[in-house]
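Listed next: structures, encoded as structure tokens.
Paired with subunit B in one complex and with subunit C in the other, subunit A is shared by the two complexes that follow.
Then we have the complex of A and B:
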């Protein structure tokens, strides 16, 4: 499982530029799925036939991560970038970034910027070019980059990495597709694009699938120190069953069903009420004639930084809970 | 194309009241052999057969509406209080000449003469909710003979060519796009193609939503006007695009991350046909492409725009050569099969 996470985490997959990861996931699942397609927006839709084909379950995890897009190359060879998705400029700056073509640079802040003034419009990338024409040989306007892959085992059970949001959930979904017994319903493992810029991929893919039940898989912030936002989800306390976030109020039926499945199978769980932040859950809930939608969240510290941190027990709990739902159905 | 642009720009068609624009377009394409129909909210959908079929359903889209002003209250002195329809910068409204749609009643946006302003008022721009339209009436009764609550006005038609190949007019956003599509419809097409002339883009791309769901295209090319930043006070790195530098290809804006294969195809086509083009290098604005990309099961989208200075004001300034470049690039890309 952790190898799958590592593999996906290494792929280049900034919002709008997810083709590399889409290809890897399609390859991984092609032997266990009845059909795999990639839609016009780039979503991977992997279909597995179930025992009861009168119902459809959709599982969505997003392939994209936040990053930066080149908007200008200055005379000096410094590259001006704009954020893609909810960038935390303080956490991002002075990290190594990597472009799709492999060019490596440093994300830096305009000279003389005070810490309190660090903002997305003050960010540049230094690729070591001494002037614009040298820079343009490696990078052009519109190219995108993300923080370079980093993966660290902090303790026997805790891992830190960039882009656990949401590669770790792509891994949960793919692992479940590879290892589950025959699903209860026709099941669609969907790996969505462009979640970080407004859940854009989930809209067309849920319209295509038109699920009866849908589960999003995403990370949720877990407090580490301070906790000014009074977050209640804790690292190491199990799979978080989402009750609400700012985009969705989850289907009570699915919240209860997931709770029952967790109890029956001795899976550690907790509830999540997230006051800020949206997920693909909402797009699936309101697509077409609507579906019962919920989200299994993986508690994660330092979300949207290069050192997102998770707990292996939580990872297992989320996976077990998802597989239990796939195999046993929602009713 | 110049005559078409001039004709369409001088029509009065704010969001929700695009009838005169639609009628003019129908008049111009009715002998082209294309099939056309108007849907429930006024979008005009045109289908024109080409020499060949292709597997992909390809749609070219432009919007008919322009920004405008809607009357919300008429006071005892005969002034009409109003709100904007679409995003208008309030600083470009005060003192403008307007015309009411359908009735053609001329009007001005009232502004207090500088002589009468208090010191605090000087140099400030009041919000649109505190401005009013003067149609020359002296009482509510008199005003109501000519206008009513809900009536809409737009900037007075003012199409004019000036400078070196530039055009200044209201509503170039996006009537030039309409003109480009009409020219394509009246020409010969390589492949079967759908065209949409949409309503209500300026108030949230409402027209495109219906078109997308009814038509379910595979590939959509939006023709638009986009903000040019080659004006005083904007640094080069934030200038987005420049007038006279050719058709603008967007990579990412507030509503869309564009399809890379289409973008590559556009760049390749422009180079091949020697059409002047530029990237939009600032992540700003948005258009109908975002709606098409994510409506129903989704579509691959591309936006080809003409750079416009002072967009959404009474005088959009565009270069005729850029508008030609948008037309040529769109027409050239439409000769592809998109397989």
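Then we have the complex of A and C:
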């Protein structure tokens, strides 16, 4: 499982530029799915036939991660960038970044910027070019970059990495597709694009699938030091069954079903009430005539930083819970 | 008026915090079936209840009447020592109205709670000037922690109970008038009609998830696929201290018909002319941007649907004691009925 996470995490997949990861996931799943396709916006839709084809279950995890797009290359060879998605500028600066073509640079802050003034419009990338023409040989306006892959085992059960949001959930979904028994319903494992910029992949793919039941897989912030934002989940306390976030109030039917499945299978779980932040759950809930939608969240510390931290037991709990739902259905 | 009061009394009796509308389904199904208005009723996965009334004519257009079923409320985020609960708001609720307010906690069984209140004697100087948030407050249940944990979990919904109070001058106070009142007005309108003499089929959607993003309306309208729609919601009736710009809408002056980019101008003008003709009191308002109702969600469903927005003026919106003038609600029912009869 963790190898799958590492493989996906290594792929370049900033919002809008997910083709590399889409290709990898398609290859991984092509032998276990009845049909697999990549739709016009770039979502991977992997279909497994179920025992009861009168119902459809859609599972969404997003392939994209936050990053930066080049807006200007200055005379000095310094590269101005703008954020793609919810960038935390303090967490991002003074990290190594990688462009799609492999060019590596450093994300740095304008000289003389006080810590309290660090903002996205103060950031630029230094790729070591001594002037604009040298820089332009490697990087063009419109190119995108993200923090370079990083993976650290902090302790036997705790891992830190960039872009666990949401590669780790792509891995949960792919692992479940590879290892589940025949699904209860026709099941669509959807790997979505552009979640970080407004769930733009989940919206059309939900209309393609038109699910009866929907499960998003995403990370949710877990507190580390203090809890000023009143987060309800804790790292290491199990799979988080989402009650609400700012984009959705989850289907009670699915919340209760996931609770029962967790109880029956001795899977550690907790409930998530998230006051700020949205997920693909909402897009699936409102497609067409609507679906019963919920989200299995993986508690994660330091979300949207290069050192997102997860717990291996939570990872297993989320995977077990998802597989239990796929195999046993929602009713 | 008695019939309308009976409808309001019944419809406000069900819980139904946004996202938890299924708690109202059983009671609604039983009650609305007993009214014998609809040929078909159903519920959806996004918290909507709907009913369809057919005129029996082939290829009759379908007119949708929308009101929303959900109410504002809370969800439990933490169960604390001493029998207290921390909650997060669902929908727009001003924290300053909550102190010492009674709530229903819809756990394994329904229990009462009261928002804790810090008496003035214990407040620090200047404390009453500070902006309060819901996160600063807690609900007192009076139960020992262990007992409370057996009833309540993180995610349990909490709502205002509705205690109807008849005030003088045909005014009525209670909770959840936004938007159960409008559901009652629609049902009252449909009761005025002889369906066989209509030229249209009528769908009523009591939609879920309005207070949290209009989701019930967009998905149920998608399912029902109407030709035209009338959205009915409450609007702010002017009270002293409210912005001058809201002076145009007053309680007692009749339903508020809204011109907006989020409504259809021709359908709106049609309703105005009909109100004139039928001598139904009405008032006009304009919403240059969003209407803050289901009108946009319905308007942009599928290929687009012409929407008429009619609002009932309401005071104290999103509180325990919302106040409506019953004449406005009855006139709204008459207007909706007149529109449906004329199409």
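Here, the second predicted complex is superposed on the first by the 331 of 331 C-alpha atoms of A that agree within 3 Å, B and C clash if a C-alpha of one lies under 4 Å from a C-alpha of the other, contacts with A are read in each partner's own complex, and residues count from 1 in each chain.
Just so we're on the same page, contacts are C-beta pairs under 8 Å (C-beta built on N, C-alpha and C of every residue); 3 or more make two chains touch, one makes a residue touch a chain.
All values reported here derive from a predicted model rather than from experimental measurement.
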item	value
First, second, both or neither for A:282, with subunit B first and subunit C second	second
First (subunit B), second (subunit C), both or neither touched by A:161	neither
First (subunit B), second (subunit C), both or neither touched by A:82	first
Subunit B versus subunit C as contact partner of A:72, first or second or both or neither	first
Partner chain(s) touched by A:204 [first = subunit B, second = subunit C, both, neither]	first
Which of subunit B and subunit C A:194 touches, first, second, both or neither	first
Contacts of A:15 with subunit B and subunit C, given as first, second, both or neither	first
Subunit B versus subunit C as contact partner of A:252, first or second or both or neither	second
Shared subunit A surface residues [contacts with subunit B and with subunit C]	none
Subunit A partner contacts - residues on subunit B that touch it in the complex	218, 236-238, 251-252, 257-260, 263, 279, 281-283, 293-300
Of all residues in subunit A, those that touch subunit C in their complex	212, 230, 232, 243-244, 247-253, 255, 270-271, 273, 275, 282, 285-293
Complex contacts: residues of subunit A adjacent to subunit B	15-17, 19, 39-41, 43, 69, 71-72, 74, 80, 82, 84, 141-142, 194, 197, 200, 203-205, 207-208
Complex contact set, residues of subunit C against subunit A	18-20, 22, 44-46, 75-78, 86, 88, 90, 135, 153-155, 209, 212-213, 215-216, 218-220, 222-223
